[in-house]
Amino acid sequence: MTSSTSLLATLPGQYYTDPAIFALEQSRIFGSRWLAVARASDVDRPGRYRTIEVGGESVLLVRGRDGGLRAFFNVCRHRGARLCTEADGEARRSLQCPYHAWTYGFDGKLVAAPNLTNMPDVDRSAYGLVPVHLREWLGYAWICLADEPPSFEETVRDAVTGRLGDPAAIGSWQLDELRVGRRISYDVKANWKLIVENFMECYHCATIHPELTEVLPEFAQGYAAQYYVGHGAEFGPEIEGFTVDGAAGFDRLGGVDPGRDRRYYAITINPQVFLNLVPDHVIFHRMLPISAERTLVECDWLYSKEVVASGKDVSRSVELFHRVNQQDFDACERCQPAMSSRIYAHGGVLVPSEHHLGAFHSWVLDALA
Amino acid sequence: MTSSTSLLATLPGQYYTDPAIFALEQSRIFGSRWLAVARASDVDRPGRYRTIEVGGESVLLVRGRDGGLRAFFNVCRHRGARLCTEADGEARRSLQCPYHAWTYGFDGKLVAAPNLTNMPDVDRSAYGLVPVHLREWLGYAWICLADEPPSFEETVRDAVTGRLGDPAAIGSWQLDELRVGRRISYDVKANWKLIVENFMECYHCATIHPELTEVLPEFAQGYAAQYYVGHGAEFGPEIEGFTVDGAAGFDRLGGVDPGRDRRYYAITINPQVFLNLVPDHVIFHRMLPISAERTLVECDWLYSKEVVASGKDVSRSVELFHRVNQQDFDACERCQPAMSSRIYAHGGVLVPSEHHLGAFHSWVLDALA
Amino acid sequence: MTSSTSLLATLPGQYYTDPAIFALEQSRIFGSRWLAVARASDVDRPGRYRTIEVGGESVLLVRGRDGGLRAFFNVCRHRGARLCTEADGEARRSLQCPYHAWTYGFDGKLVAAPNLTNMPDVDRSAYGLVPVHLREWLGYAWICLADEPPSFEETVRDAVTGRLGDPAAIGSWQLDELRVGRRISYDVKANWKLIVENFMECYHCATIHPELTEVLPEFAQGYAAQYYVGHGAEFGPEIEGFTVDGAAGFDRLGGVDPGRDRRYYAITINPQVFLNLVPDHVIFHRMLPISAERTLVECDWLYSKEVVASGKDVSRSVELFHRVNQQDFDACERCQPAMSSRIYAHGGVLVPSEHHLGAFHSWVLDALA
């Protein structure tokens, strides 16, 4: 009679392929939770806008005359034309629908509509753009498509605190002061949950991330930084910076504690943000699922104002995580086709160093329940 | 306590996106109503044929030895091979299936089938091509896929009379005598109902149709010609003809009453014909829906025999409505993506000058009920 | 009152288009029956492998160190990554998953997994590759995805015996000794059942196969070789070999009875193999359905070792059936679109010389019941 350690199961395969489950996720997760959708500085002047496709919706992010950032459904209240069709742009005085010229302020108010001006009994205030909840944090615009968003503290900030072990810790990196040094978009042919699972564990690091395990030797053991609260993986003894060849990076960011000087921290904020913190820069991933089998990932490399303003070469640090991204997304794409196999109907298994992925699976199941 | 004029709602967004509703429309509307599918002169000699994809079917339109026009399902009765796969062509003596050589006359009768000739007890008359109901009117072939078509008078002719206010009026343009001067096909990424709605209202004219409102200044007010029974929009005082720059067109068509000499009339024949009448030509649109989100539109510019035979340059009049078409279809394509937005679940709104679109929406809902 | 011979109906049109029926077929037919998926010699050395997409699964066919052929689901037991992504290749020592380095022997056993080596209480034997049932016959690898495969004798061998009339007859061609002289793949835009039906009848031969009916004149009468048990169609009097122009082929294969010297035999093994036997070669078709409307067909031309080794020109015999294939697949593609026509809702009809297709239709209906 053997008593073997049983390996935990992953989610059943259909969770990664079924369009009905994807639709439910779009509604219950991406349509209901706080999502980071753009860097606040992407829309840096009044009238500058971005359009973001998320949760089955097109969201219009625009900066107002008062300097405030706002988000709206990118849908004219009259007959539904897209107000803005470009991914980004700059409106002059207002947002005018190009179909029947209904015109909205950057604050969403309907300010003009042909033929309705001389109909004083039509309540124009009822036909402003429909707002989308918005918060700014870490220099990002976070939106929530739900009528009643969940607590930002509990669903976003607490995820960061839970990893760093201290609510003040994330402040050290002063993310809202940083600048985008490089942005790369990845179109991944895999379910978004495969990408989350991949990010959460390091059991694959020894196999597919030679550069990363060179910089962070403990990763070769297969235990992710996310495995322990407060733990940052330490750079190898010969390593001078978080770069593709271990060469020195830039000066430590102002607020970062010297005790974290040679450490790497990774944080997952469900459902779609990955945060990587190193002494001299921050790597911020945002995921936007397109279908059950395809996900867009946008990745920003953030540096100090000084580094970006001076035009210093950031390519060595960019190259390290760009390779990690490519290696990871290749692996996720390799898993996707098997999700529909009959032998994956009850999922795969998690080894002990992956058992914390079970918490993510529970989170998904709870959200869909 | 305010009492504001309420704006009528359009159809809910799902009516423009749901494949199940589209399938129902294909059956209850496009599979059941009279549809204009080709110019009768497109098949001008015995054996000339056209194949038309409509209502989920391939229809074969062919002219017989007796000069008569007939329509059949383009499906061999034996094992279902397409008899004709080209969009148009000319058969020599008969329509022969290229798979097993079952051979049909242009009247649809099975005239030969290998091995069945010496089986006198097989009733070959039971295996002729399945006919599709056909009518010729205004120089067009109108077909109906239903077993029992609705009244042509009530569903087609009455739509024209209802607009012009007089059953004899359409006769003035002698459409069956006209010739096709130009034909342009448009592949529109929008639901067919968005195209109908667009054609029915002129609230958008001031915004997107600069050339058209130059020729028809009253359109800048936003009231469509279709808004009033019998009304034709008047050409502007400087305008000499219905051309892109207002330059003179051709001689008034023979039968057109001088009182309509500087007028434009627009008629919608549900579900898929738009008719534009001006003194010297006629513009005839036929729509063929491909999916919930895609529609093929074929547009003919019709002129007198003399104009077409003489080779006169029709490009100035073609260019006017070709631009209108492009402007309209761009607008429709801009609305399509928002049809699936959660804030369009109950549709958009109609301003008073669009309220007659409500009749079209009722017509659709009745047809699907 | 007439009493006409009624023509048998084919399957209703939806059987050739409905994704739900296709999914049921993938499960009840392609996921449950014995299927020929590769020539055994395609994987001729230990470590050589093929991946085959069939029945909704990716199957890995690999030759072991012991020389034996085995098939597995091409899915890592850990997190589901495809073990091999190439159509064919050669593994060195083992099959290693490129994601987390779980490593399997060519016999499917889990031989190594990082971190699990020092966890003796994990039962590694429970995590070997999941085997797929495999049989070798006629030089082909036949697999069955079901947990409990049906009798190979009754479902495969008996189909051959039923046609040739003698269980020993197929042995004359010594198929496992033959070599692949040519392989051609066809991507056919038609339901797999249209391809089976086409192969089973010769009523179309006079219409679309001029070269074939030249070689086998009796085929011009429309009676397929499959119509009679034991019957082989005879070569025409001027015909010297089964070649595109009737020129002589190669020496009769060793075991073939002189009485079958100028004969052609065709056999269908449900659901996806067609076998054509002539004195000097064999043509072996394998079908792999991709969707309700698309099927991949792989066709091998097999010759004696001597013919292939000597490099003799096989193109005249290849060309004959390659043309037949193209002619047949064109015809099938021509039928596919009509399967969704309302007038094909109850199917088409079978003439008397096609009545044996009814047995195939019953077989399909029974399998899906």
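Each chain carries a letter (A, B and C) given by its place in the written order, and its residues are counted from 1.
Keep in mind that, in the parts below, contacts are C-beta pairs under 8 Å (C-beta built on N, C-alpha and C of every residue); 3 or more make two chains touch, one makes a residue touch a chain.
This one's a predicted model, so the numbers in the text were calculated from it and none came from an experiment.
Colleague: For the identical-sequence pair chain B and chain C, what's the CA-based rotation angle in degrees, nearest 5?
Modeller: Rotation angle between the two copies comes out at 120 degrees.
Colleague: For the two copies chain C and chain A, is the contact made of the same residues on each side, with over half of the numbers shared, or of different residues?
Modeller: Mostly different residues: under half of the interface numbers shared.
Colleague: Just how far, in Å, is the C-alpha centre of chain C from the one of chain A?
Modeller: So the centre of chain A lies 48 Å away from the centre of chain C.
Colleague: At least two other chains touched by the same residue of chain C: list those residues.
Modeller: In chain C, no residue touches two or more other chains.
Colleague: For chain A, which residues count as touching chain C in their complex?
Modeller: Per the touch definition, chain A meets chain C at residues 2-5, 7, 10, 13, 197, 203-204, 206-208, 222, 331, 334-335, 337-344, 347-353.
Colleague: In the complex formed with chain B, which residues of chain A make contact?
Modeller: Residue list for chain A touching chain B: 31, 56-58, 73-82, 85, 98-101, 113-116, 119, 121-123, 126-127, 130, 145.
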